[in-house]
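Letters A, B and C name the chains as they come in the text, with residue numbers starting at 1 for each one.
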Amino acid sequence: MSPRLRHLTTLENLPRDTIERLLDRAEALRDACAHGTRKLSVLAGRTVLNLFFEPSTRTRTSFELAARRLGADVVNFDIGFSSTSKGEELFDTLHTLEAMHLDAIIVRHKQSGTPDELVGHAMSGVSVINAGDGNRAHPTQGLLDVLTIRQHRPDFENLIVVICGDIKHSRVARSDIHALTALGTKEIRVCGPSTLMPSAEEFPKVHYVENFDEAIRGADAVITLRLQKERMAAIDLPDEAAYFSHYGLDQRRLALAAKGCLVMHPGPINRGIEIASDVADGAQSRILEQVGNGVFVRMAVLNELLAR
Amino acid sequence: MSPRLRHLTTLENLPRDTIERLLDRAEALRDACAHGTRKLSVLAGRTVLNLFFEPSTRTRTSFELAARRLGADVVNFDIGFSSTSKGEELFDTLHTLEAMHLDAIIVRHKQSGTPDELVGHAMSGVSVINAGDGNRAHPTQGLLDVLTIRQHRPDFENLIVVICGDIKHSRVARSDIHALTALGTKEIRVCGPSTLMPSAEEFPKVHYVENFDEAIRGADAVITLRLQKERMAAIDLPDEAAYFSHYGLDQRRLALAAKGCLVMHPGPINRGIEIASDVADGAQSRILEQVGNGVFVRMAVLNELLAR
Amino acid sequence: MSPRLRHLTTLENLPRDTIERLLDRAEALRDACAHGTRKLSVLAGRTVLNLFFEPSTRTRTSFELAARRLGADVVNFDIGFSSTSKGEELFDTLHTLEAMHLDAIIVRHKQSGTPDELVGHAMSGVSVINAGDGNRAHPTQGLLDVLTIRQHRPDFENLIVVICGDIKHSRVARSDIHALTALGTKEIRVCGPSTLMPSAEEFPKVHYVENFDEAIRGADAVITLRLQKERMAAIDLPDEAAYFSHYGLDQRRLALAAKGCLVMHPGPINRGIEIASDVADGAQSRILEQVGNGVFVRMAVLNELLAR
């Protein structure tokens, strides 16, 4: 069995059994919650701090709920999102927080690699959890996505999963690909404007299919990504309506997928841009299950890193 | 006995026995606090979320204290007050929060009716509590106001209550009128500039008395409302000093009321505009009692909605 | 034995035995923490409110951690830092908070004397703790500084302590001088540009030494203060590099001090302005110990003021 994690900054190169252990734990917590156990005390007396250099109320709240439901105290360190804290200034902040005897720091930063830099400079037993760094990784999102898929389709070796949108700038896509790869997914396809694709070298086993109709054919799960509106300039398309006609998930396209294809999105959704309203709200949508799984996955991660 | 409430969005049409049950509960919690019980555990393991689209530190803190004193966890969802979240975007936020297994959402929004829209779209067992929506309702303020009156003058059928100020745009006034009406108050008078009065049809049993000296004569309680300074433009008066001379509560006017007339204000007060300092700080002022009752009323509401 | 404190607004004129009682308590809490006791329940059911009119994430977080580790609930009252609340408006806020049955209000305000005004106007049993007011006092910083010194050098009657920087505008310096004086420190020296020194009358027993090389000679502890960059205009020096060459603590200067001289700074540090990086990170630096002691000192103060 792989050793217990002390930090979680990326899913890249994480052993399959570690990922499965986290998913199993999340599942057990979900079952306990369904049976009425709303609060545990495994982290009683521990303190978790949210250090968000980019605003994200949803993710921060999900982590806050996860930590509290394990009995931990949570402190939001309001760093001010104007701060571009990096280098020595960032490490001084880290060391100050460590000196206050925290157990975990949950960090979001627009600079890729910041969580690993914090790990490299940590002097105490504090655990670092990446809540999203630049374009690089958003490991708990990757975990909650594969957990959601596994709850419906545990046979990853038979699955075709499509990720559609701006893959190049998406930490969600990267963590999804790492998790799906670790679990042995049969085929991962990415789809979107060619200018928003990663280099072929980055993910040699991932298939790029430019045409969404072709990409979705036979897919068992499709993950649509939020279009950052400032990316429209980089795309050879006149407007959001054109984006939707090329890369939007609507009922016609969903019908091309395998029967029961899971519809997923990390949220918040842009209705009518990357996904049609009736698909987002339809019977195949797993979007709200993803949100619920997010809390359980984060509880599992905190439990893995902090429990004695 | 009226059935237990699941949501609280308005006091309009709430049965008298429901209101009295909430007031009795608030009173019992107040007594327990006076005897040293500062924290209960009836809501242990439950999570309450503050979703404030308008800033209100006082009200938010009052709800936060109420929830914590019942043992609940409280999360402040900092939506950013620039957000004008409505329609699908608002409901997506609601559904996201529901998916995180919250027990109650306390919402303040500048658009009247938003809390009822949330109730209409809620998919889970979450309770919605209105902390103020537009001009429409502020039910916990209405409850704390009648609780404060009841502690001194429980004989509502003998009472004359005056509300003075901008009734038209006041959710506090509306919730006060609903609560006072339900409890059988003998006479409710409103007073203020004619341009700031509601239509006669809205409250057919409420008496509009333009002249404050006349309105306050014989009153057992007078509720002065905060003047929103941007309303001065809608009033045929040159300045705030003129407003005070017409509608300000001073000692001379208070002497026209019944002996022991209760002086109330939802806060924060504008001294010298709607109320004279010596009246606000005087022996008949119940303004701080209102604040204290606010916490107990909110505890009672949370207990009503959430306790098993 | 001096009576228990009800408020803590300044260290000025505090009896030595009171200061020592607080330091002893902080030390005991530090020992308990080192042996694994991360959370106590002495303040269970009590509520502490942070009322910060100036932003200070570090100090606020330190107080928040301290209160939670004693079992108290903590509410952050986000007053909006644009507010210049003073006079009646400030006292109305105080009375509103008191009416909500809080146990302690931790206040930071840019106006010197605000915490004492709150004490003067408090109507209930609420305790006021000063988290920094103007140039006047930052008593918990003073306590954590002398605690840090005492852990290494408890023989204050033999110690020479130097404080270097903008003494005139520093509440940290004032609270340090008060604490060091109460504990019988042999010699306190201040150093810095003459325009940034307090009047000779304010601290008659403190020695002003303009030249840092002279000031540090034989010192047992040196406290460097953060240079507020807007103060450069008041100094007869061309730039920050010149400030560093005159008043920066580097290895050459530290070598002039007594062997093992403690290097201290209230943080956050400006590397290369008031302190050289290698000194801040060096073996003699106590800067992170100060941060850790800050939590224990604040626990001790909350325990002194609030425990039954």
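Basically, a contact is a pair of C-beta atoms (placed from the backbone, for glycine too) under 8 Å apart; a residue touches a chain by one contact, two chains touch by 3 or more.
These numbers were taken from a predicted model, which means no experiment stands behind them.
Per the C-alpha superposition, chain B sits rotated 120 degrees relative to chain C, a value rounded to a multiple of 5.
In the contact between chain A and chain C, the residue numbers used by both copies make up under half of all numbers at that interface. Work out the mean CA point of chain A and of chain C, and you get 41 Å between them.
Under the contact definition stated at the top, not a single residue of chain A touches 2 or more other chains. Within the complex formed with chain B, the residues of chain C that make contact are 44-47, 49, 73, 75, 77-80, 88-89, 92-93, 95-101. The touching residues of chain B, counted against chain C in their complex, run 33, 38-39, 55, 57-58, 61-62, 64-65, 68, 267-269, 271, 277, 288-289, 291-292, 294-295.
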